[in-house]
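There are two complexes below, and they share chain A, which is joined by chain B in the first and by chain C in the second.
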Partner chain A sequence: MAVYKKITKDNLVQFLQELTKDRILIAPVREHELVSFSPVADAGKVDFTFQNSFVPPKSWFFPQTEQIFSFRIEDGKYELSAPSLPGGTVLFGVHPCDLKSILALDPVFDGKFDDNYYCTRRKNTIIIGLGCQSVGRNCFCFKVGGGPLESNGADIFLTPTGGDFLAEGVTNQGTDLINKHSRFFSDSSAEQVDKEKREGTDRLLKQSTGLKGDFNLPKVKAFLDANYEIPYWEDLSYRCLGCGICTYLCPTCHCFDINDYARSGLEGERIRCWDSCQFKDFTLMAGGHNPRPSKKERVRNRFMHKFKYHEDRYNIFGCVGCGRCVQKCPVNIDPRKIILDLQEVAGND
Partner chain B sequence: MKGIEEQIRATSSQLLAAGDVQLVIGYGAGSDNSKTMPVFIKRAEDVGKLVFNPLCVSNLANYLLHWNNFEGKIAIVVKGCDSRSIIRLLQDKQIEREKIVVLGVNCPGQLKSGQAEAKIPVEAVLSEATVDNGGIKLQTSGGLITFSLEEGLLEKCRQCESSRPVVSDYLFGEKGFEADKAALQFNDVAALEGAPLEEKSRYWDKYFERCLRCYACRNSCPACSCRECVFDMVEPDWVAKTVNLSDNTAFHMIRAFHVAGRCTDCGECERVCPAEIPLRILNRKIIKDIKELFGAPMPGSDLEALPALSFYAVNDPESQN
Partner chain C sequence: MTDFQNPILPRMAYITNIIDETSDTKTFKVEFEGGGKGDFLHEPGQCAMLSIPGVGEAMISITSSPTFKDFLEFTIKRVGRLTTVIHQLEVGDQIGIRGPYGNNFPYKLLEGKDILFIAGGFALAPLRSLINYVLDDEHRKDYGKVDIIYGARSVDDLCFKRELFENWPKKKDTQIFTTIDRPEEGWDGHVAFVPTYLEELQPSPENKYALTCGPPIMIKFVLQNLQKLGYQDDHVITTLEMRMKCGIGKCGRCNIGSKYVCLDGPVFFLDQLKQLPQEY
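Presenting the complex of A and B:
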C-alpha cells in the first residue's frame, strides 16, 4: 500500500537521526568540496541540496575494495573466514538517476548467480530517494528514459517543495517505515504528490541548460546491433587517455578484479576491487593475447555495453544520464554527443 | 586570439597538403562550449576543426607517446608549459625530432575550467578571446563574458616560467602572459613545508583517502612512458590494488619520486584528477628541492640540460671525497 505524506526539513533531519538508532545511515555529506555517500552519525551533517555525488551510491552495495574472505594455513589445513557484512542500513538521498542505476545493477548481481556480498547489502538496505532541486548542465536523465522526480528504485521517495518535502512510500518496506515513524510526517495525497512531481518535472526540465538534441535510443541500439566495425570508434578513441574515471564514476559500471594478498604466505585475504574495461590489461590473458588490443576496441566496448549489451541482457539501458563522466572526462568524451553522432551516422545509412 | 587560431589552421593546412606531416594534434571545440577537446586532423580540409582560445588547458604532448609507432610526421600544438614536455620526450628518446613539427603558441593564459563552466553557456559559441591585465574577455554568441585574472586565470599560468615555447618550428601569437616574478617563488610549496608534520599528514591524508586509483594522473602524464607500469603489475604486487589510504599514499609517493627531476610541472595530473587532489604541490615540492640542491632549471626548459637525477657529473662535489 502506497502512502503519501509531507515532512518538513527539520522533521526529516530528526527522522533520519531516529533511524540511526537501529540502522547504519549512509547519506550525502560534503567534505573538502566533494559530496560523498558516507556513514553519518549526526543527521544534521547531511547535505540535502547537492547536485551530484562524486562517487555514485553503487559503492555502498559494491564497494571499490571488498574482502571476499580471509584465509589461514596451519598444520597443512586451510581455514577460511567470511567477512561480516553490514546489517540494517538506510541509504538516504539517492537521486533518480542513481536509483535507476541500482535497478540496472540488480540483475547483474542478483540474477542467474547470486552475489552474496551485493545481495546481502541490498536486502539489508532501505533506500530513501531524493528528487532533484535543479538539473545540472551535464544531467541528461530525462533523455534516457528517466526524470528528475522519478521514484523507481526507491523504498521511500522525497519530492522537494521549497524547503520541505512530499514523501511517498513506494514499496511496502518504505510505507511501513513511514507508518512506524508517522509522528514526523503530516498528511498529503496521491493527487498532491502527482501534481507536484508533474509540475516540478516541467519546471526543472525548462531550466535545463545542457546539450540540446533529442535522443532516439532504439534507433541507436538498432544501429549498434547491425554495425560493429565503424570508423567512428577509432576516431573517438584517439583522444581517450585510457584512464578509469568514466567507469569508476559510472553508477552502472560493475567490473571487478580479484586478487589474493598473503604477505606472510600463511595468512591473507582475497579481495575484489573495481576494474575498468578502459585499462589496457583488462582483457589481457595469461597467454599474452589481448582481444581488445587498442583504445578503439576498449572505447567501443564501453559504449556498446551502455547502449546495447546491457539492454540485450537485462532489458535496461546501461546509461542513466547522471552526467558524471561528462563532467569528469579530461578529454571531453561525452556520451550525449556520441548518441547524437551515432544517430547521425545511422541516419545516413 | 583569433589570429593564433587562423595561423594554426593555415600552417596545418599547408603542412598536411604538402605532405610534410600526416597528422596534426591540436585543440577542437568541445561538446560543451566551456570546453575544448584534443583533435587529430589527418586531412587539410579538416583544419577548420582546430581552435585556439583560453579553454585549451590540456597538454597534448602525452599523445606523442600514443602515436610513437606512427610512420608519418606529426605536427603538435603546444603552449609554453607544454613545450617543456617535448624537450623531455626528446631527451628520453621517446620521440624523434625530425618526426615532429612543433606548432608553438605564445600563450596568453588559460581559464580555470570551473569558472568556464560556471559562466559560459553550453550553446555560446566563442568568436574572440583576449587575455590582458584587464582580465579574460570572451566574445560569444551569447554576449561578452568576462573574468578578472584573479578569478579566472589558472594557478599554473600565474606561476608560468615561460609562456613562450622553449622549442618550436612555428611560433604563433605576439606576446604571451607574463607572470609576476613574486609568483615564481614556490610560495604554495613553502606554505605547506612550514606546517607541522601532523598538519601536513592530515592535509595529504584527506586527499589520498579519496583517490580512486583511476590512474588518470599517470595516463595523462608526458613523463609516464614505461611500457609496463609498476602499478599494473600483479606479480610481484609492488603496490596492492586495494584502494585505501595506505596503498593510495604509496601510489602517489612512488609516482612523485618516479617522475622526480623529469616532471615539468605541466599540471596535467592535477587538471585531470577527478578527486581534485592538489598533485602539483607534491611535484613542485620535488622540483623546488632539486632546484635548491642541484641548481637545476625547470626540467624540460633546456634541451642540453639533462635532468639532475639522470646524469653523473665528474666534477660533482660528492665525487671528490
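Presenting the complex of A and C:
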C-alpha cells in the first residue's frame, strides 16, 4: 500500500541520520566538483542538488573491484573463503535514470545463476530515489522511455518541490520505512504528488537544451535486427579511441574481468573488476583467435548491446539516457546522434 | 557441485589420474575429496570452469560421459598461462572446479537415429562425452549406427588412442575412420584431411545427425561437404568457443549477438548458427 507524504529538507537530513543508526548509508557527496556515492556517517554532508554523479550508483551493488575469495594453502590444501557482504543499507539519492539502470542490471545478475555478490547487496539495500531538479544538456532519459521524476526502481521516491520534498512509498519496503519514521513526515496525497510530478516534468523538459529530434527505439531495434553489417560502424570506429570510458561510466554496463593474485605461493585472492568490450583483449582467446579483432566490431558490440542485445535478452533497453558517455567521450561519440543517424538510415516513415 | 549460493566460488577437487594424450595434451581425471564426483552431475557436451587459485580459471569441456559414474575427465591442451600450469600438476594435486555449465548435446533427440561424429585433433574431447554415452551398454540400444571420422595432423596428435583403436571398434554397429594429414612411417591407416575423408566416405544423411568439432578451418570445409552430401542444417550440430570469465552469463565477453555461449551454447545446430552474427 503506497503512502504519500511531505518532508522538509531538515527533516530529510534527520531521517537519513536516523537511518544510519542501524544501516549503512550510501549517498551522494560532493568532493571538489565530483559527486560520488559513498558511505556517509554525517547526513549533513549529503548533496541534494547534484545533477549526475560521476560514477553511477551501480557501483554499490557491483563495485569496480571486488574480491571473490581469498585463499591460503595449509598443510598442502587450499582453504578458500568468500568475503562477508554488507548488511542493511540505504542507497539514497538515486536519480530516475540510474534507478532504471538497476532494473536493467537485475536480470543480468539474477537469473539461472544468482550472482551472490550483487544479489545479496541488492536484497539488503533500500533505495531512496531522488527526482531531478534540473535537466542537463547531456540528459536524455525522457527520450528513452524514462523521465526526470519517474519513480520506477525506487523503494521510496522523493520529488523536489522548491527546497522540500514529496515522498512516495513505492514498494512495501519503502512504505514500511516511511511509516516507521512517520514523525519526520507530514501528510500529502496521491493527487498532490501526481500533480507535482506532472507539472515538474513539463517544467524540466522545457529546460532541456540537448540534441533535438524524437527517438523511435523500436524502429532502431528493428533496423538493427535486420542489419548487422553496415558501413556505419566502421566509420564510427575510426573516431573511437577505444579508451573504454563510456563503458566504465555506463550505469547498465556489467562486464567484468576475473583475475588471480598470489602474494606468495601460499596465499592470494581472486578478484573481479569492471572490464570493457571496447578493449582488444576482452575477447582474445588463448591460442590467439579474437572474434572482435578491430574497433569496428567492438564499437558495434557496444551499441548493439545497448539497443538490441539487452532488449532481446531481458526485454529492457540497455540505455537509460543518463548522458555520462556523451559527457565524457573524448571524441564526442554520442549515442543520441547514433540513434538519430540509424533512424534516418532506416527511413523516416 | 556448484554452490548455488555462490556460483562463482569454486570447490577444490583432486586429480586422481593423468593420461598423456599427445605431446601437448593431457587428460586429467578429477574426483572430489573422498572419491567420486559427488553431486556434480552433467549432461554430455557441458563444460566446467577449472582453476588454480592464484593462477586463473578457464572453461573446459567435460570429456567424460555422465555414464562414468565415479569421476570427471578433462582433456586439456597446453595453449596459455593457466593450461601450462595445469600441465605441471601431478596426481594428488588439487584443482578448483565449478559448474556444470552450458547446454548439452541433444542426446534424447538423437535416440533412434544414426549418428555421424566428425572431429579433428584435440576437438574430439567434447564429442567424446556423447560418444561414450551413446556407446555405453545401457544406452547403445537407443541409438542406430555410429560412425566416427577422426583425424589429426600426425599419429602423435590423435587423442584417446585406446578407445579409438581398442574400445570403440568393438561396439555394436560402430565404425571408426581414422586419418592423419600426412603419410608417416609406421602408419598404414588412411591419409587425408578430415573434410576430404568425409567426401570420400560419402556417409548418407538418411535418418542421421552429424556432430562435428574441430579447428575452424576444418569445420568450414566439413560443413560445406555435409551440405553437398544432403545433410539438412537442423541435422548438423557443432560447438562454439569464446573467451569466458564467469561462465554464468554475467561477465559479458562470450556473447555472439544476443546469445551467451556459456549459457546458450556451446552446442548449436547449424540452422541456429546461421541466425547468429558471424562474430566468433
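What we mean here is this: the second predicted complex is superposed on the first by the 347 of 349 C-alpha atoms of A that agree within 3 Å, B and C clash if a C-alpha of one lies under 4 Å from a C-alpha of the other, contacts with A are read in each partner's own complex, and residues count from 1 in each chain.
What we mean here is this: contacts are C-beta pairs under 8 Å (C-beta built on N, C-alpha and C of every residue); 3 or more make two chains touch, one makes a residue touch a chain.
In this text the structure is predicted, and so the values were computed from the model without any measurement.
Visitor: In the overlaid three-chain picture, which partner chain does A:G244 touch, first (chain B) or second (chain C), both, or neither?
Guide: In the superposed model, A:G244 contacts chain B only, not chain C.
Visitor: Is A:L25 contacted by the first partner chain B, the second partner chain C, both or neither?
Guide: The answer is neither, since A:L25 touches no partner chain.
Visitor: Would you check which partner chain A:L342 touches, where first means chain B only, second means chain C only, and both and neither mean what they say?
Guide: After superposing on A, A:L342 lies clear of both chain B and chain C.
Visitor: Quick check for you: in the superposed arrangement, does A:S36 touch first (chain B), second (chain C), both or neither?
Guide: Touch partner of A:S36: chain B, not chain C.
Visitor: After superposition on the shared chain, which partner residues are touched by A:Y261: those of chain B (first), chain C (second), both, or neither?
Guide: both
Visitor: Of the partners chain B and chain C, which touch A:A167 in the superposed model: first, second, both, neither?
Guide: In the superposition, A:A167 contacts neither chain B nor chain C.
Visitor: Figure out whether A:K328 sits in contact with chain B (first) or chain C (second), or with both, or with neither.
Guide: first
Visitor: In the superposed arrangement, does A:V13 touch chain B (first), chain C (second), both or neither?
Guide: neither
Visitor: Both chain B and chain C touch chain A; at which residues?
Guide: In the superposed arrangement, which is not itself an observed complex, chain A uses residues 257, 259, 261 for both chain B and chain C.
Visitor: Any idea which chain A residues touch chain C in the complex?
Guide: Against chain C, the touching part of chain A is residues 68-69, 71, 77-78, 80, 82, 108-109, 111-116, 228, 253-262, 265, 268, 270, 272, 275, 277, 282-287, 289, 291-292, 297, 301, 304-305, 308-309, 312-313.
Visitor: Using the touch definition up top, name the residues of chain B that touch chain A in the complex.
Guide: Against chain A, the touching part of chain B is residues 30-32, 35-40, 58, 62-63, 66, 117, 121-123, 206-207, 210, 212-216, 218-220, 232, 234, 237, 240-244, 271-272, 274-276.
Visitor: Could you please specify the touching residues of chain A with respect to chain B in the complex?
Guide: Touch list, chain A to chain B: 31-34, 36, 54-55, 64-65, 137-138, 209-212, 235, 238-239, 241-245, 248-249, 257, 259, 261, 271, 273-274, 276, 279, 281, 295, 326, 328, 330-332, 334, 336-337.
Visitor: Which residues of chain C touch chain A in the complex?
Guide: Listed in rising order, the residues of chain C that touch chain A are 2, 4-10, 12, 51-58, 79-83, 94, 96, 216, 241-243, 245-246, 248-253, 255-258, 263, 277, 279-280.
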